[in-house]
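Here it is, the structure in full.
Order as written gives the chain letters A, B and C; numbering starts at 1 within each chain.
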């Protein structure tokens, strides 16, 4: 037992070291948000802000359209996540549980779509959305993101569905519950990690996307947060790095909250170990 | 009264034949209904762009044509022009090497980190996951900016860390973006850093499906960690590994934003082109959209060729059940 | 479970509908709307000028609103191309003066020649800037504002070195820099700080010695950087660079870090760049930041400075060309141009010129070849590569210039 806990301690130390290395750039971003201007630009980089200030946060929030951009991003991301999971789950069920003509074609299409270079699609996609009058709208962006996110979600959820042994399903159905009921009670918890991974993927992909949001959204009142951030860097004149980093730190918060919300569900999936064996 | 009898009878195995018939008819339509939403959304959005891309690749379409909404057909001339361009082949080779290095690093480090997740206490795991999500959530535009600072030749922390803390040499005012090799090395660190969280989280989710009893039984039998990994863990997480490998290949081959912004528009020259940058420069910046479409299609075919092995395995794995 | 799934789907659809109708509602209101694309420089630098122009326009055109959308220099052309493809161009667009020719040659802009008289001071437009908006004898772009290049320097360090007056010749300037370098042997200090790849600086030397970038010979372009005069200029630049700057800057292009940032860190005594650099030299050196005109190698003359600037044009696909032209007239009227001047820019007409350092430097200026493929030369970084090769010693001046010149010939002729 003591070797076990010593081993665990060792791994924990490694884990913390890995954490420090991976998160350092993010630490750099957050610490810069608190640094006074003279420290940010100084010739000798300061590891820790010695006289921290909240001015950059105030400047960032005061810039026009900050809250509007956050709101736009949140709307887009929530709709994308919900729709992506819903649509992908349905398609994944079809792919994993049924045999039907056109299945192979659909699989090839799903994989093939992800291989299209995004840069090559910018103008054609813009033209299509302009035709449907979805340029400069949030729905246009939502549709675009769904196209990029759904293939991966379908494929991953299919993988998780396949990984669930068939006898579990059948055992559930012998009980008399319908197929969907079987899914709900027994299989959903097993799917939880997969659903978490895909929903976090959908969330972050939509949250961080830049190129298409930039091209499709022209009104500053419709912009997403990544486009709003790029305005800091777009000028040829002096850039307010402190405010840029402060804004970036702020917008990481919804992502963290979302993750904390869903990561509990992983635990839920794990503890329902009653299904094992 | 008949209904009650009927209900009782329905649960008897004898009547399962009738249920099967109904289910079979229902089954035929169900998968198509399930797929319909996805097909609608993607078909309506991507149908025209893909058609347009193919058509553009056979046209000369410059700024003038853009204004007229009409290009001139040139058959396969775009293809022969690109395939005869030495820059295309050099860029392709460079991108393949770049992809192999990035995918290799991402998967190896991601796998190691996912295994680490299993070994640590819960609080460390939550800390690490939160850290990884923070990394993943950093927008590329911001990450590039942070990287530019850290590697800044005049006051970057990397130089002072190497010189004053690690004492591995004099890196005072060292410019990390002089040669294409060092430029692409910097891009690699940024891309791998940003890609690890996703790989780790997905692999960890897959690792949770490895039956613990099997692992414990094998360990009691005296199997080494490597044997346990190879014979028990890998088969279980194979679907996830295959997805991640194919996706990493696809993404790293076509990487654009991080490379273009980190190297900087002012330093982009044919010697440090990656395929994504090559497409953007030749197609968009030079407003030669026909050529850009041609390069897009070639990229699609090349990526498909690069990942076909993994994809085929993935599909076969799924069909085996 | 099923009910929960349906409920979630329903909420998602509802959210989507809400988002869509919110946007659709917005679009319906904007019936008489003028869409203007300006760069973010206007948003941070002179928002009051924009507001004044909008107000004046709206007063004269009741029922019209002006929607100003601010763009970044790095991708505004790609965005513009997308709007051309989708038939949703803005009604007014700000273009860099080096970006104009390509789009004029393709027919992207409306012909404003007939309306020229409605723009105040159009008879006295700065010739360099006005030319960048003309093609085939017609006017497609009107001058917005310009900027030249000056030396921003630390007056305290210059005083310490005994330099009381701005140098009047290049030789004098070089001597001053060497002296300051000797007095400030701090690690990492560079008397002058300009990115080695800053071709605006290097080519000033080329033009100062009578050279040029490219000439048109019977309809075809020919690169002239390898001509004897151009090579003399490049060689003078190389000598100047090696005397006045630290080697570490040879491959930097001046964006990472910015020269004024290095200035604010106390690591240099002078920058050669746009006049607005003086805004950003740091609180510590605010009182000792001054400017003078960079001298030529010929005593008494200013070094020819690159005349950067912006033009304003009306995309040919716009449905509101008349209103767009009116807005342009309001935006570039005398009052607004003088306001731009007060913010440190050069106004668009000679009768408005003052005697700031920026404006005096513009007395002798150079511009890029007005070829429709010039932007490809810039985007291909041909000049930057040449300068890196020269300053790192990888190639001789003649070799590097010949390679660059051939590349330019090929690119400008549309290869």
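Everything that follows uses one rule, which is that a residue touches a chain if its C-beta (ideal position, glycine included) is under 8 Å from a C-beta of that chain, and two chains touch if they have at least 3 such contacts.
What you see is a predicted model; the values in this text were computed from it and never measured.
For chain A, the chain whose average C-alpha position is most distant is C. Top contact pair of chains, counted by C-beta pairs, is A-B.
Between chain A and chain C the centroid-to-centroid distance comes to 38 Å (mean Cα coordinates, whole Å).
Once the centre of each chain is set as its mean CA position, chain A and chain B turn out to be 14 Å apart. Residue positions of chain C touching 2 or more other chains: 74, 78, 81, 85, 87, 188, 261, 265, 267. Residue positions 154-155, 284 of chain B are each in touch with at least two other chains. The set of chain A residues touching two or more other chains comprises 41-43, 86, 122-123, 127, 129, 131, 230, 233.
Within the complex, the chain B residues that touch chain C are 62-64, 66-67, 69, 148, 152-155, 172-175, 177-178, 264-269, 281, 284-287.
Across the complex, chain B is touched by residues 74, 77-78, 81, 84-85, 87, 102-103, 106-108, 187-188, 197, 246, 248, 251-253, 255-257, 261-262, 265, 267, 316-317, 376, 379-381, 384-385 of chain C.
Residues of chain C that touch chain A in their complex: 1-2, 5, 8-9, 11-12, 15-16, 19-20, 22-24, 26-27, 35, 39-41, 43-45, 67, 69-75, 78-79, 81-83, 85-88, 188, 258, 260-261, 264-267, 276, 279-280, 282-284. Those residues of chain A lying in contact with chain B across their complex are 7-8, 11-12, 14-16, 18-19, 22-23, 25-26, 28-29, 32, 41-45, 47, 86-88, 90-91, 93-96, 98, 100, 102-104, 106-107, 109, 111-125, 127-129, 131, 143-144, 146-147, 150-152, 154-156, 158-160, 162-163, 166, 176, 190, 193-194, 196-197, 200-201, 204, 207-208, 210-211, 225-226, 229-230, 233, 241, 244-245, 248, 251-252, 255-256, 259-260, 263, 266, 269-270, 276-277.
The touching residues of chain B, when paired with chain A in their complex, are 11, 27-28, 30-32, 34-35, 37-39, 41-42, 45-46, 48-50, 52-53, 56, 113, 116, 119-121, 124-143, 145-147, 149-150, 154-157, 160, 193, 196, 198, 201-202, 204-206, 208-209, 211-213, 236, 239-240, 243, 246-247, 250, 254, 256-257, 275-276, 279-280, 283-284, 289, 292-293, 295-296, 299-300, 303-304, 307, 311, 314-315, 317-318, 321.
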